[in-house]
Amino acid sequence: MSEKNSGEKGDILLEMRDIVIDGYSDDRWHEIIKGVDITLRRGEILGLIGESGAGKSTLGLAAMGYARAGCRITSGSIIFDGMDLMKKSAAEKRALRGTRIAYVAQSAAASFNPAHQLIEQTVEATVRRGIKPEAEARADARKLYRDLQLPNPDTIGERYPHQVSGGQLQRVMTAMAMSARPDLIIFDEPTTALDVTTQVEVLASMRRIVEQFNTAAIYITHDLAVVAQMADFIKVLRYGVTIEDAETRKMLSRPEKEYTRSLWSVRSIDKKEQRSDDIILKVDHIDASYTGSAKVLHDVSIEVPRGSTVAIVGESGSGKSTAARAITGLLPPSSGQILFNGKALPPTLKGRSVDQLQKIQMIYQMADTAMNPRHTVRDIISRPLEFYLGLHGRERDDRLMELVEMIELNESFIDRYPGELSGGQKQRICIARALAADPELIICDEVTSALDQIVQKGILELLLRLQREFNLTYIFITHDIATVKAISDQIVVMFQGRVVEQGMKSEILSPPFPEYTELLLSSVPEMDPDWLTELLKARAEGARATN
Amino acid sequence: MNDKEDIVPSEGAELADQGYSAAAEVGVIKARRTFAQNVWRGLKSAPPTALFGLTVISIYVIFAVFAPLLAPYGEAEIFPMSYAPWSEEFRFGTDQLGRDVMSRLIYGARNTVGIAFVTTLFAFIIGGGLGITAAINNNGWLDNLLSRSVDVLMAIPSLIFALILLSMFGANTLNLIIIIAVLDSTRVFRIARAVSLNVVVMDYVEAARLRGEKMFWILYREILPNIMPPLVAEFGLRFCFVFLTIAALSFLGVGIQPPTADWGSMVRETAGLIQFAEYDFTAAMTPMLPAAAIALLTVAVNFVVDWFLHKSSGLKD
Amino acid sequence: MHPVIRTILQRLGLGLITLFVVSLILFSSIEFLPGDFGEAVLGQAALPETVAAFRKELGLDLPIHERYFDWLGGILTGDMGNSFSGRGSSGGSDRSRPVIELLAPRLANTLFLASMAAIISVPLALFLGITAALYRNSFYDRAVNALTLTTISFPEFFVAYLLILGLSSFTKIFPSLANISPDAEFWERVYLTALPALTLTLVIVAHMMRMTRAAIINLMASPYIEMADLKGASKSEIILRHALPNAWAPIVTVIAFNLAYLVVGVVVVEVVFVYPGVGQLMVDAVTTRDVPVVQGCAMIFAATYILLNLFADIISIITNPRLLHPR
């Protein structure tokens, strides 16, 4: 991150004191934010970190004096450029929005009106408030598109939202926010939904433009490495209160509170890799396609040694989840075969015996949809015990208790419904369900991707412990390189339905890299505030060298 | 390792800076209540329209079930005076054949409501069963076949279609039930399929498939419990529609046939009295009574269904 | 070919196929008649030879596909056969009139009635529905909601009789029987048609208003509406610039759906007011098992219904930005 000229940093732009925000759910008002302060100066970027549900979005919106339906700002003061927003009328607050304070939402695709052209929406606020005449605003918008490195900046504005990709939309939304040259922009998880390789470009564009116009920003995210690139100061939220508040470099190198420290501890797990020649699963040159459409897997071969963890890495569209579906029998391959313990597996679900189905289990990414909301924990875990192992009555209940303890929960959880559990607890139940079948191979499909950092660590440690105890084999599908480093023995890199490379973790993660692997690995943000700057410099030099 | 300098304004915040423990994660635990307690809580928070609806429905059900005990005379009992005015003996007078209107009104509750209920039930069994099956097939050949057939059947307005079929097969009660049930099952099919599709794409259904569970188990244990609320609401709405359609057909003369006491036909039979409104107001009210009976029940059911939908969808309207 | 044109052609094709299948169903209504059909029409006094001759005249002894195409050709050229009524037990068809002769004037009447109802109800329902959605949960909204919920629960004949009592019997404003003669003046027609049109309007407005309200509420919950608010757009700007362009499809669908409903509601209303339209004709024909008339009326109703739904589909297509501006 470049050092700012301290002369450009002006006075205090935003001062929020003792903000209390309530949310309405379950027929009652609950406190979401319980007394938080924020101080922001001109040209500064504040990173707001917290788990999902910590209230970061709500707090960010409160900076404009805006409360969503179902929320209310109960008390506190919000002083923006000397004006107390809590005392302003709705019309006065509205006049600020889009012009002096702008908002960049998480989902660009949903935030654009499908019926209007992009450039129209980009300049809408600016033109409506008379800040610039239309022609000038449009010319300025095109210049912003160019600065944000959008393809075809002069014509992209004439397209409609559905004609443009997600990463591009996110940048157009940033241009939209910039159009009126606001004093403050609130970025609400803008890159969370993007692939890691796209994310790099979007982050770079955002940072550049914010610096260019000396705009203050609040950058909300749950990804520490990302916020490290963007923010001058970081504030950590948990359960609606501030845990820690410090300058970026200081927080990264010398965090004070235990919770802050635990936030990036997932990167501290480092499994020693193991080799083995005992292959439990062999995927042998399979092709696969969904009915009537193009092939989604091309000549994919993977070897999984017993007792180890093979991580399949790739971005969206790489085919990693499709490979999992082929292995479980949901998507029969059109050619090639899959061998389990040396014997070929029937390609379809119907063709497989209960025994074969039992040995391979799957755990899903979203635990919310992986469990029937009408079944209790008892029902969910007991079913495989009854179905596969034929256990009933006392035997079954005993085994149920054993499993619950294995996943580090206790018997008070047995009669709960999934809706009453936290994200991490739900995923543990899914793990117990998979274990109940007494499997040999477990496919983990992005099982930690939807969880917060600290919870991820717990789940990964649990999985590793279970692996050691029961000699389980894991196929771990993920897009997160940090997780891969933490738990895998072997890595398979996939891109557009093909295997780019496969090998031991240490080999794959050290150079030289095939081109795609290089791109993928280098795009993953590091905890180093200078990472993005260095990366961009390196890539620019690389591009110059090849020209 | 607790940092006491953290400012902790309210409960739960002590947890804020502790290390991680799975069991200590904050989840929302619902209080456990028995079914009866839940029902009572629901009733207490119901708006007056819903309470009104529930009361009316209960009254109708009582009349339908205890009709023989409550009616002063027989359903088809004929007295020598037709079109008698309202009196002590015949509360609401007699109809064109000399039958007591009040008794027929009470028996009408049993007949009209009963037939409508049975028809709706059939429509649900047929439409619901096929709808869920189509959803499980999810764009397979069976799903497409059923959906296209339903599209064609729904391309003809149902009242017209009912009229055609009744003219073909003759208008009697059994035909009426079968025809309306089949025609209405198309709507039930659509909604059953739509809500089941939402469930069928869930991972827990796929997890059940991967286990090797049989189709029937998946339908009964995974899908059905999750589609009950919208289906229950739809039952109420369909009942209203069926009820009104049967009443309309009977009013037109092609529905429930005499001498069965039925509110729709009763309106038709005594409709001529309306023209005497200025001279004998109560006589003009005679055809309005069964019509109002129909309207009142439908309003009541609609109010209750509206409340139910509002509750089960949360803040959404 | 532009995707919009392609999709429209697909829909048209689908509509034609549906009409075709409907015609098959209607045609086969003759096939499933129970055996004593001939007797039922001609009366029990008819001799067996007469019945046989009747069946021969209907062409029931010809192969089925020939009969179907004869019939279909007839429909398309306006010859729908002759009405069964007017045939004495002698079986002769001298006094039975061609179905088309019976239908044509009544069709004009029904269209007149339906148009009157539509002209009043559509703007009214849209206005009520949109304002109720925008002022959601206000007293106005809840009152309108309760009122329309009540109205849609009433059978049409109940509404009709209430109006007759209120506006005809006691107050003598309108006549309760709509005796329209073919050469009535325009305003006289309007006067005679007022009560039936009013009945229909009340029923339709309630349905349409509720559906419009639901569609608008659904639309207003979209994320891009919130985004417009976050950009500082005023309420009217949000409605006019952001919501409205996306609202055409759902609103037109609602209107078409309800106009199709109008087709059905017309039947009961015509019977109550003895209005000489297609609905009343059909009911009479059903009661007397006058099959050619039933078939003719049914084809008209079905075709109208299908056309209206097709129209709604097409409007949805041409207002869909994804189809208008493909990638």
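Here the chain labels run A, B and C in written order, and each chain numbers its own residues starting at 1.
Note that a residue touches a chain if its C-beta (ideal position, glycine included) is under 8 Å from a C-beta of that chain, and two chains touch if they have at least 3 such contacts.
Remember, it's a predicted structure, so these values are computed and weren't measured experimentally.
Chemist: So using the touch definition from the top, which pair is joined by more C-beta contacts, A-C or A-B?
Modeler: More C-beta contacts join the chains of A-B.
Chemist: Central chain, going by Cα centroids?
Modeler: B
Chemist: Please work out the Cα centroid separation of chain B and chain C, and write it as a whole number of Å.
Modeler: The separation of the two C-alpha centroids amounts to 25 Å.
Chemist: Can you work out the whole-Å distance between the CA centroids of chain A and chain C?
Modeler: Each chain reduced to its C-alpha mean, chain A and chain C end up 52 Å apart.
Chemist: Measuring from the mean C-alpha position of chain A to the mean C-alpha position of chain B, what distance in angstrom results?
Modeler: About 45 Å separates the centre of chain A from that of chain B.
Chemist: Which residues of chain B touch chain A in their complex?
Modeler: Chain B reaches chain A through residues 1, 3, 6-10, 12-13, 15-20, 22-23, 25-30, 202-204, 206-207, 209-213, 221-222, 225-226, 315.
Chemist: Given the complex with chain C, which residues does chain A contribute to the contact?
Modeler: 61, 64, 66, 68, 94-99, 102-103, 105, 107, 110-116, 124-125, 128-129, 159-160, 162-163, 176
Chemist: Given the complex with chain B, which residues does chain C contribute to the contact?
Modeler: 18, 21-22, 25-26, 29, 32-34, 136-137, 146, 149-150, 152-158, 161-162, 164-165, 169-170, 176, 217, 221, 260-261, 263-264, 267-268, 271-272, 282-283, 285-287, 289, 291, 294, 297-298, 301-302, 305-306, 309
Chemist: Quick check on the complex: what are the chain C residues that touch chain A?
Modeler: Touch residues, chain C against chain A: 222-224, 226-234, 237, 241-242, 245-246, 321-322, 325-327.
Chemist: Report the residues of chain A in contact with chain B in the complex, numbered from low to high.
Modeler: Interface residues on the chain A side: 24, 26, 31, 34-35, 69-70, 238-243, 256-259, 262, 328-330, 349, 352, 354, 357, 361-362, 364, 366, 369-374, 383-384, 387-388, 407-410, 413, 416-417, 419-422, 424-425, 428, 433, 437, 454-455, 457-458.
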